[in-house]
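So that you can tell them apart, the chains are marked A, B, C and D in the order they are listed, and the count of residues begins at 1 in each.
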Amino acid sequence: MKEGQTVDTEKAGWEPRIIAFLCNWCSYAGADLAGISRLQYPPNVRVIRVPCSGRVNPYFIIKSLQHGVDGVLVSGCHPGDCHYINGNLVARRRFAIFKSILEFMGVEKGRVQFSWISAAEGERFSQVIKEVTEEIKALGPGKRFVKEI
Amino acid sequence: MNDLYRPKPVTIRKIVIENEAKDIKTFELVFLDREDRERFKFTCGQFAMLSVLESGESPIGIASSPLDDEYLQFTVKRYPTGVLTTALHNLEEGTQIGVRGPYGNFYPLEAMEGKNVLIVGGGFAFTTLRSTIRYLLHEKNRSRFKDITVLYGARSPGELIYKSQLKEWEERDDISMYVTVDKGDENWKGRVGLVPNVLKEVAPSSKNSIALVCGPPIMLKYTMVPLLDLGFSPQTIVTSLERRMSCGIGKCGRCNISSRYVCKDGPVFTYAELRELPEGAL
Amino acid sequence: MKGKVIGKEQLAGWLDNLREEYDVWAPVKGNGLVSFHPINSASEIYFGFLNTRKTPKDLFFPQSEVLFSFRRGEMEKDRDTLLEKPRIIFAIRPCDAQNLALLDKVFDSEDYQDPYYVERRKGTLLFGMACTHPQTTCFCTSMRAGPFEKTCLDLLIVDLGNDRYFVEAVTEQGKDAIGKNNLLEDAGEKDTERLAKTKKEAEEKIKSKIVIEGLEEKLDKIFDSSLWDRVHQRCLGCAICTYLCSTCHCFALLDEKVDSGGQRIRSWDSCMFPGFTLEASGHNPRISNKERMRQRVMHKFNYFVKNFGQTACVGCGRCIRNCPVNIDIREIIQEIDNE
Amino acid sequence: MQENQKHLREAAEKLLSDKKVDVIIGYERGTLPLRTRPVFIREPDETKKLVWNSRCENNLSFYLKTAKGKVGIVAKGCDARSIVGLIKERQVKREDIFIIGVPCPGIIDRKKIEDTLEGRDLQEGVESDSQVILKGEGFEEKADKDKLLHSSCTTCTHRNPVLYDTLIGKEIPEPKMDEYSDVEEFSSKKDNERWTYFNDETSRCIRCYACRNACPSCYCPQCFVDQSLPTWFGRTPHPSDTLIFHMIRTLHTAGRCVDCGTCSRVCPMNVELQILNKKAEKDVKELYGYEVGTNLEELPPMATFKIDDPQEFIK
C-alpha cells in the first residue's frame, strides 16, 4: 500500500493475516476444544504450536511483522498452570517490556496481543480470536517493520 | 551488464551420499546451457562458487576431472552453521542451482609430466585430488606420468569418500593405492594408521617426484615431516588451502594469508611458498 | 592548462547550468553530519565543512547494493544501467578523490573488472574542492599527496579566500564542463599568485606526519611481534575505522529474502568483525581483535603495497577522529617504526 | 578534579607496588584535543599517565570481560553500575576486581563540542572547573561545561559509584530530578511521530556495531545479527533491519542497561536512541521496582518473576 492511502479505501476485500503462537499444553488444546465443539471463529489465524509461551522469542514476533503479517497473538497457560511450572511467568515480563517498547516505537496498540487460554476454554479461545481479528481488521494492514525488497 | 557475480544455472543430476554420517554428499551438476559448460574451462585444483538462491554461495573445490566434460561434480560437507552447505544438502535431484567460476590456480600438471606423482589426502579434503587422479588415469594422459602413488586416509571406514572409485583404482595395476583409517571397525580389513605414519611405512621415492597433499591442517602439518625426510624438497610438495571467501576473484578481501589471496593466488601453494608466509597467518 | 576563475555568487549559476546534463552531488548538512547528496539547487550546498563524516566512496561502492533479484527460485533480468544520468560530484576533497585511484586497482584490475564500480566510476565527473583548512588529523602530505592533489579529479576548485574560486581543469571532460558557459573567466596574475599562496599555506598547516618509506619492509619483519598485543588492547572491535575509511573496500555477498522474493546483495564487511573470516567449519584464522587489527594495518601498509605498489591510505584521518577509544594510526605507525 | 586525579594516581601506584592488582584500567590523555582514552597500566611508575576529567567518556567495564588476572578499574557512577551488572551476570568475579570509584559530575559530549565549533577544527582545548576553552585557527572560545554534558549525564542520579573498594575524593551530591520527563514527553507524541523519529535516526545507521561492541552489557559470544542458522534478521542497512537491530538490542539490555550513554557517544553517525533505552529502564523500574546496577543481591528483572506481576496487557 502506498503512503497516504487511507485504511478505508483499501479495506474492501482485505482480510488480515494473523499468526498465533499457542502453547502446546493449554492454548493449543483450547483451540482443539473449540474445534471439537464446532465453535465458529474467523479463519484469519495461522497457528504455530510452541512448547510453552516462554518459548516465544520476541524475534519470532518481529520477524513475523517484518515478513508482512498483520497481527500476532501469543497465548499460553494461565499463571500457575504452566506445564513447565513458570515458563509463562518469565515470558510475561518479557512480553510486558516487549509490548511497551513496540508501542513506544510507534507500532499500533493491538498489532501484537497476548492472552491466557486454558485447555478447557474452547469458548474463550474462539472469543479471543474473534476479538483479535476484529481489532486487527480495524487497524488495517500492518506496515511497521515490514521489509519490502 | 556483464556480471561477474551472476551464477550460471545448473541442474543437480545426481546426489551421492559419501559417508556414514551422511554429512558429505557429491553433487553432479549439468549446465542448462551447454555453452556455459564450454566456457567453464578448468584444471585440476580449481574451485567454483556454488550458489543456492536465498542461501548464498560457497567456494567448493571441483571434484570431477576436466575431461568429464558433460558434468561437474562437487563434494560438499554440511556444517551445522553453514547456510549454503545445509541448503545444498536439503536439495533433491533435479533442482536448479547456480555455479560461477572456475576460480583459483591449479596443480602443476605440466611440471608433473614425466615424473612420479605422490598423492596424499585426508578426510573430505580429497576432492580436488580425486579430480587430479581421474585426470592422470585418463587413457589420454596416463602415459605422460610415471608411477602414481595414492595414500588416502580418513578417521573411520565410514568416513572414506568415493568408495566405489577407490575400489576401482585399487583394482588397476597402473596406480598404487594405500587406503588407511585412523580407527577400524569389525568389517574393516584394510590398513589402520594415521596418514603420516603410513607414509613413513610406504616410503615412496622422492626421486623425480612431486607430492600433492591435501587434508585437515593438523594432518598437513604432520605429513610435511616424513615428506621432507623422504627427500621431497619444499618446492616439490604441493598443497591446497581453504579460507572463507565471498567473491572468489580477489576483491572482497577476506581470504588473504599475508599478501596472497587464497582465491586468486591460490588455493594451490607449494610448501616452499607456505614456508615463506608468517606462521601466525596460516 | 590555464586556470579560470569564477565569482562565488556565480557558482550557483554554473552548477545549475551543469545540472541540465548531470546529476550534481554535493555536500549537504543534516543531523550534525555533512554528507554528499544529489542537489536540486546550489543553495543546498554546505560549504563550511572540513570533510564529510562518511567518505564519498559509497557513491561508487555503496554500503549495500543489489546484484540481482530472484522470485520463486528464478533470477530476474539484469538491470541495463545503474546511473540514469552522468554525475558530477562537486566539492569532493582531494584525499577522497585520490582514494579512487586505489579502489580502481582493486575493482578495475586487469583480471576481473567489477561492473558496478566501473560503471559508476566512468559515469562520474569529480570536481575537487581543495582543502584550505586541513584538520589536525590530516596527514595526506605523508601519503604522497596533499590538500591540492589532483589525482582522479576532473576539476580542481580552490577557494581563494576572497570573493572568487580558482578553477583548474585537469581532464578534457573537466575542460568541457568549464566551457559549458561563460560564467568562468581567465585567471589573472593576481589570482595565480593568490592560488600559490593559498596552496603553500594549506600545506604548511598539515603538521601531522607519518613515515611510510621503509614501512612495508618493517612490517614484513614484525608479523609475530608483541607490538600487536599492545596496540589492540583498547580496541572495541567495531567497524568504525573500516566503514569510515576511504580505502577500505572489503565486502560480503549475501542473500536476503522475505516472502515475496529475495536479492543477492553486496554489502560492506569489515576485517574487524570476527565473522569476517569465520568458516562454516567453525575454524577462524583471525581469532581475536589482535589478529584483526594486525590485518587492518598490514593490509593498508604492506599487503596492498605488495600487490598494487601503493599504500592503501590517503591520510584523511577519519579513523583517528572517529575511533571511540582514540586508537590513532599515526601512533601505531610510529610504534612500528620504533620496533 | 585536579585534586582527584592526583589521588587517583597515588592510589593506583600503591595498588600496583603492593601487587594487589596486576593491571589498572583507567584513562590517559588521548592524541586529540580534549580526548582521553582507555589505558592499561602494569607498572607503578606508569601511573602518572592516568587522568581523570570530564572527558573520560568510555565505560571501562567493557574491558573486564577479557581482562586477565586481578584487575584494578577506574569506575564512574555508571561504570560501577555496569560492573554490578557484570558481577551479577557472572561475567566477572567480584574478587578478581578492585574498583577505584570516582564520583563523576558528568561527562562532556564531544558531539556537542563539535556542534559548538560549527565545522571549525579544534586544535587545543583546556578544561577548567566550569568551562572549557576551545582553540583553533583564528578562534578561541569559552563554553560552559554544563551545556556540553552528555544527555545521559544530565539525568544521572548515580554520580557516585554504588560499589567500590576505594573512593577517590568525596562523594558529590546526587541531584533530585524527574529522570524520565523526556520519556513522558516523547510518549505523549503521536504513534506516527514516534515511528518517524526512530526511522529517521536508524536510517543513518551504517551497521558498524560500535554501539553494541562498546556496550558493557552486550557480551554474547555471538550476536543475534551474526547468527547464520537461523539468520534472524538481515545484515544490510535496510531500514527495517537496522530498526530491528536497535530494537532488539534495547530488549536484550532491558533491565541491564544503566544508561551510561556509551552507545550514543561512540556512534559515528549521530544516531540517537537513548530515549528507547530509557523507556525500557523506566518500565523495569515502574513495573518491577528494579533499579539497574544498584545492588548485588537482587536477581536481574528479566531473569525472574513474581506471581502477581502486572498483566493488564494480557487478554
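By our rule, a contact is a pair of C-beta atoms (placed from the backbone, for glycine too) under 8 Å apart; a residue touches a chain by one contact, two chains touch by 3 or more.
Everything numeric in this text was worked out from a predicted model, so none of it was measured.
> Per the definition at the top, count C-beta pairs in contact and tell me whether A-C or A-D has more.
Taking the two pairs in turn, the one with more contacts turns out to be A-D.
> Find the geometric centre of each of subunit B and subunit D from their Cα atoms only, then give the gap between the two centres in Å, rounded to an integer.
Centre-to-centre distance between subunit B and subunit D: 50 Å.
> Cα centroid separation between subunit A and subunit C, in whole Å?
For subunit A versus subunit C, the centre distance works out to 48 Å.
> How many angstrom between the C-alpha centroids of subunit D and subunit A?
36
> For subunit D, which residues are shared contacts with two or more other chains?
Only 234, 238 qualify.
> Quick one: which residues in subunit C touch 2 or more of the other chains?
252, 254, 256-257, 262 - these are the residues of subunit C that touch more than one other chain.
> Could you say which residues in subunit B touch two or more other chains, in rising order?
81-83
> Show me, using the given definition of touch, all chain pairs that touch one another.
A-C, A-D, B-C, B-D, C-D
> Residue numbers of subunit A touching subunit C in their complex, please.
Per the touch definition, subunit A meets subunit C at residues 66-68, 147-149.
> Show me the residue ranges of subunit D that touch subunit B in the complex, using the header's touch definition.
These residues of subunit D touch subunit B: 227-229, 231.
> For subunit C, which residues count as touching subunit A in their complex?
So the residues of subunit C touching subunit A come out as 69, 256-263.
> Give the list of subunit C residues in touch with subunit B in this complex.
67-68, 70, 73, 75, 78-81, 106-107, 109, 111-115, 119, 223-224, 249-255, 257, 262, 264, 266, 269, 271, 276-282, 285, 291, 295, 298-299, 302-303, 306-307
> For subunit C, which residues are in contact with subunit D within the complex?
Those residues of subunit C that touch subunit D are 31-34, 48-50, 53-54, 63-64, 133-137, 205, 233-234, 236-240, 243-244, 252, 254, 256, 265, 267-268, 270, 273-275, 320-322, 324-328, 330-331.
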